[in-house]
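Two complexes come next, and they have one chain in common, chain A, joined by chain B in the first and chain C in the second.
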Partner chain A sequence: MSGCIMETICSRGRGLRLAKQHDIEQVAGNGLLDRRLFLLRSSGLVSAVGAATGLAATSARAEPLTVAEWTKTPGSWFTPYGMPSHFEAKVARGAIPASPYGGFGPGSVRAPLQFLDGMITPNGLHFERSHNGVPDIDPEQHKLLIHGLVRQPLTFTREALLRYPMTSRISFVECAGNSGALYGANAAEGTAQSLHGLLSCAEWTGVPLSTLLDDAGIDPAAKWLVAEGADAASMSRSIPLAKAMDDAMVALFQNGEAVRPSNGYPMRLLVPGWQGNMNVKWLHRIKLVREPVMAKDETSRYSLLLKGGKAAMFKFQMDAKSVITKPSPGIGMRGPGLYEISGLAWSGNGKIAKVEVSADGGKSWAPAALSEPVLSKALTRFRIPWRWNGGPAVLQSRAIDDTGYVQPTREQQIAARGSRAQYHCNLITSWQVAESGEVKHVYA
Partner chain B sequence: MSMHKIALLTLTLSGLTAGAAIAAESPKLGQPITEKDAAAWNQSIGPDGVGLPPGRGTVKRGAEVYAAKCEICHAAKGAGTPADRLVGGQGSLDSAQPIKTVGSYWPYATTLFDYVRRAMPLNEPQSLSAEEVYAVSAYVLNLNGVVNEKFIADAKSMPQVKMPNRDNFFVVYPGNLP
Partner chain C sequence: MSGCIMETICSRGRGLRLAKQHDIEQVAGNGLLDRRLFLLRSSGLVSAVGAATGLAATSARAEPLTVAEWTKTPGSWFTPYGMPSHFEAKVARGAIPASPYGGFGPGSVRAPLQFLDGMITPNGLHFERSHNGVPDIDPEQHKLLIHGLVRQPLTFTREALLRYPMTSRISFVECAGNSGALYGANAAEGTAQSLHGLLSCAEWTGVPLSTLLDDAGIDPAAKWLVAEGADAASMSRSIPLAKAMDDAMVALFQNGEAVRPSNGYPMRLLVPGWQGNMNVKWLHRIKLVREPVMAKDETSRYSLLLKGGKAAMFKFQMDAKSVITKPSPGIGMRGPGLYEISGLAWSGNGKIAKVEVSADGGKSWAPAALSEPVLSKALTRFRIPWRWNGGPAVLQSRAIDDTGYVQPTREQQIAARGSRAQYHCNLITSWQVAESGEVKHVYA
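And now, the complex of A and B:
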């Protein structure tokens, strides 16, 4: 690849070699360009590529400038809590589903992935899944109980936890049911948000769970714990003690402010990289036990129905996955030219090592650039330049993590699991770009 | 002992001390409580039945509780909608349209008691008595043909119920699934 770049730079200004450049910068089929293209802007490469790819400025001449009204009148005064511009109203957690029970019960709303950039999900847009509404918890009255197979059962107030040494980590949370529609026989109509939006990433700050368990004194017989929320579902999950001692956290802060009510205020469990459902919100009880309790949400739900009627339970890790957010359905193309393809990749098993992108439905692949920081069990932003020639294209991305795991194709995942597994769907998504520039979800 | 070795030993010791200090560095602000005083929150029930409360419930009583508290969402005889279908679906799991119900899918009967007691009915969770939860558990198990109409649900009988689909479940952890 460096050879191509060098050749490009060396050939700058040499008209007779520009014809060849079309092939030189294209690193995979149907117009995918070298991932370093945008980084090399100052080298003169872009002008060479511009010439090579027919990207001379073709926009109509801009209108003469006038001074805007908001420049000539004073702006608004301060507000205690900032909100996004009202012009951004469409950037929201989508249509609020109707409750068949009259305003309560289980449900979810999704993060608008296609309207966001970077790796962090703003708190007001973090996806939300709850099993019987969001409780309005008074932090002064809330307690966290740690009991069961411990030397001394303890309760902790939020105030007490705020005095503990804190730790921070950027971690994604993904519902195990995210992308489940892609197991379906036909490609579901939808956007990055509606298909993959049960996914978010935040900086979480709190107390390592191991510290609190050590305070209570772990009985060597304990191998699991049961984590339970204080919500009206008393949502509970069994979690291996090994995970609790490894990197689990009682999170009190989300992107610098108190965890939002919809994400577990005043405290939630964070089990980085594992099924969203295990990151128990409104955490109020942890019981150390010998064996899992076989709670509803680890048996009848969040288990995978496989071929032959077998059911896989306690598949915890969210395996490597990626999705292109730009372009994507609703975020279409406006005429041929140079575009950035951008998206998110993540793995519950470690860091993203590589993301490859295809513009020809998986026939050829090119490596995307990964935006720093690339963190274990966090969303990772990837980017790659694409010269769209205005013809039909099928865009795909595939993530590879630092364990060597490669995100599977739809064919591979269905062959391994059947199509009724419902959860943990991490197969490669295909976005079809039509000549009109419209983008839609397809199976390719 | 050479100076090098002494230096190394000192380093190791100071490292150990620092490590130990970090591990012990907790303000220890948890307030002690007895399991007895925590009992109101201790609602976990294992598949071995540990945690099941005293009390018992018949299928007949369960039909009454169901009609009063559950039918409005789960429909008559657990037929479902708007809430989950509770009954039937046995034999459907390997078909194109699997129907996952308590009878066709759930691996443990104790889960039924646990879930109903902690979360049902949706509009009034934790309002049922232990007797009512036992009864409605017996009723739903009977609707599914898992137990007969004489079944009495209690702390002893519930963990002994063998759910028809239990043997189809397998545990992935600590491994992974392709």
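And now, the complex of A and C:
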């Protein structure tokens, strides 16, 4: 049961009986250790080594039992709907931006990725992007119209939809503009939240859009649809009918409860893996059409600029991407020793097949462990142990999805797209760890 | 693209062009239809039939486009932490019970299962059971002590634990007393929430307990541990060491964010699949011992009484169980036609292998579709289409897990346990559907 795996910690032992250093090979440069080290207790690897981390030697000396104040008095009574502890106030959707027009207009707030763990984003922290605020919709009054190139136009209330056969899936939603700062000439200061927080993941439940379109009867001339929201911006997007029939959903539930107002209450479109604003919130109209309508929300914004003054028409899928959330700016190191590097990976084109991590700025890579379940078009949590020697390091992660696509370096992405791109930035992020333990965003 | 699958709806067609009745065989008595009907669009079954549900004929005539009030004015600005729509106020953790002592003491509130869909319970609606209220714990002050039969007692702060390698799993927690009313001589009035709502499911993330115990060094004499909470009841339970080393976790995160105060902030024990109160909340002490300590919370309560004045010592696992949430009391029918029957199934012993549904009080059964991912010791959503002919019906579901265990009938469970049992009630629930569409709990 004894056994210490780290020289660095062995050498700092504080009264613990520490076994001799076992021969754990690094799996990549600058201290990356085998991903299976702590994950498979019953594996040969762990049993050969002894499973003790040695972490306790650095921080966990036993203290006498005391009775805390909160144990001496009865706690609080029940509430109909719970909230986080007031001690977690910093875990919030970032600084609320100034409204350009005094309380309304377009804007966004971001999920605090560096304070979260697991794959699910709690509903209260799901990122928000809206083009003219969050409408206060009465679900008894709201209606969804399906019309255009259909045999029979139909109007659905929420109550009518609740009778339909439902489907559930855990799916990420990512704004096309997420991480756009990384196209910039200089590495932006920021955190996982401020740089990459237009990203969240929830279990969505609703009616397959294909079922509703089949009920309306699709005219063979229809190849696209226009989805429109009931917000004051009438946000609308053109979506290929093939995607609508494949895996799109009119979502009524988000992590079990009704979709939140900021996420489209009482119903939103879910277009798994495609850019965020195609997942039209406050959905009230779907019109089947022959070709894309070039709505303001797909031309004035959300076009991917390329080299030579051209733009991609269209680029919908969010390609494979990853980001390390721990450590990350604001979530630094506290002295040399063993740490877990943890982060999120996702692909709009399928499942994450592999995440590789580097601690030496991309010179060498080691595979991270992926937390189950690994689901198509969902966030996937990855983890790898790291023995930090206290010296400088640059941490990177790269995602590979089951199509074989590999997340590009910054150099590769800029070379392919030029310097005017704004959207679909999925290049590899670099976090530089200083000897002080502080972490900051760099280009490397 | 046309096609109507239901005589009942065809006969009520309101101006839609309705195709002739296709020969969809019922798969069990009283209108249960093939589970694959709407789930696998590309299957031979659906393409042979045409995928239209015909549901639109009953409720969804197109209405002219109008512009809602909330589309005419800008919506509300951003919030740091979101909440559900005020229109969802009824979706709450039930009536708050009267405190027996004026604001404190033991009690519980239940998850509103009939208003939820999917497998995840949102954190604000996770059921609560506490023995002396919810302590307001400062995470900077809180400590976890591991002592007793260990080589080296250790004390962990939350910050120290955050450095450890983490693991995530989606897991249900169910109070041992859930559904206890169904042992009663007469069928209790109630809803899915009031009868079965001491049940929830979340993604939990934390440190494997085995890692911490290995760091402390386990004395070979240790066979059990006692886990104690920092609440004013000092809730404590004895847990076999083998379970602790298998899959127990010191959970720090719940659906991505810090565990909620009502669920154990800043840390709780997760003992997947075992009765709720062994998942000790506000965890502050683990003592390794030779044998169970017979704590008040495992003797005065939570013992499973059997026939002849005996009690089971011990019964920890929550055996396979299921409940239909839609329709259910309060969530009734609105006229004959096609409906989806949907519910939850779970097992503390592994994965759900199959859920069967009956619409004729158990005379005939048909397999439901299971929503992916189907995970060990997690809630699993099941669904099956049902053509209600408007006559009386009794709906039941029974879960079968991957050990082969079959959820028992009420008769079987009472025969096995006698009439004094209070805990671990997992018998088959019967919902009676009246011709009016109302649904109520019955024994059948």
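Basically, the second predicted complex is superposed on the first by the 397 of 444 C-alpha atoms of A that agree within 3 Å, B and C clash if a C-alpha of one lies under 4 Å from a C-alpha of the other, contacts with A are read in each partner's own complex, and residues count from 1 in each chain.
What we mean here is this: contacts are C-beta pairs under 8 Å (C-beta built on N, C-alpha and C of every residue); 3 or more make two chains touch, one makes a residue touch a chain.
Just so we're clear, the structure is a prediction, and the values are computed from it rather than from any experiment.
S.K.: With the two structures overlaid on chain A, would chain B and chain C clash, or do they fit side by side?
M.R.: Aligned through their shared chain, the two binders clash on chain A.
S.K.: Quick one: classify A:232 as touching chain B (first), chain C (second), both or neither.
M.R.: both
S.K.: Just to be sure I read the superposition right, which of the two partners does A:294 touch: chain B = first, chain C = second, or both, or neither?
M.R.: first
S.K.: On the A-aligned overlay, A:153 touches which partner chain: chain B = first, chain C = second, or both, or neither?
M.R.: A:153: touches chain B and chain C.
S.K.: Touching A:305, do we find chain B (first), chain C (second), both, or neither?
M.R.: Only chain B; A:305 stays clear of chain C.
S.K.: After superposing on the shared chain, does chain C or chain B touch more chain A residues?
M.R.: Touching more of chain A: C.
S.K.: Does chain B (first) or chain C (second) touch A:145, or do both, or does neither?
M.R.: Touch status of A:145: both partners.
S.K.: By the touch definition at the top of the document, which applies to A:253: first (chain B), second (chain C), both, or neither?
M.R.: Second partner only, chain C.
S.K.: By the touch definition at the top of the document, which applies to A:417: first (chain B), second (chain C), both, or neither?
M.R.: first
S.K.: Quick one: classify A:319 as touching chain B (first), chain C (second), both or neither.
M.R.: First partner only.
S.K.: For A:165, decide between first (touching chain B), second (touching chain C), both and neither.
M.R.: Both: A:165 reaches chain B and chain C.
S.K.: Based on the superposition described at the top, state which of 55-63, 145-153 or 325-333 belonging to chain C clashes with chain B.
M.R.: 55-63
S.K.: Residues on chain A in contact with chain B in one complex and with chain C in the other?
M.R.: On chain A, the residues that contact chain B in one structure and chain C in the other are 101, 104-105, 132, 145, 147, 152-157, 160, 163-165, 211, 214-216, 232, 234, 284-285.
S.K.: Spell out the part of chain A that touches chain B in their complex, as residue ranges.
M.R.: Contacts found on chain A: 100-101, 104-105, 131-132, 145-147, 152-157, 160-161, 163-165, 211-212, 214-216, 226, 228, 232-236, 240, 242, 284-285, 287, 289, 291, 293-296, 299-300, 303-305, 307-317, 319, 416-417, 420, 424.
S.K.: Quick one: which bits of chain B touch chain A in the complex? Just the residue numbers, please.
M.R.: Those residues of chain B that touch chain A are 23, 25-35, 38, 41-48, 73, 82, 93-94, 98, 100, 102, 105-108, 110-111, 114-115, 118-119, 122-123, 125-126, 165, 168-174, 176-178.
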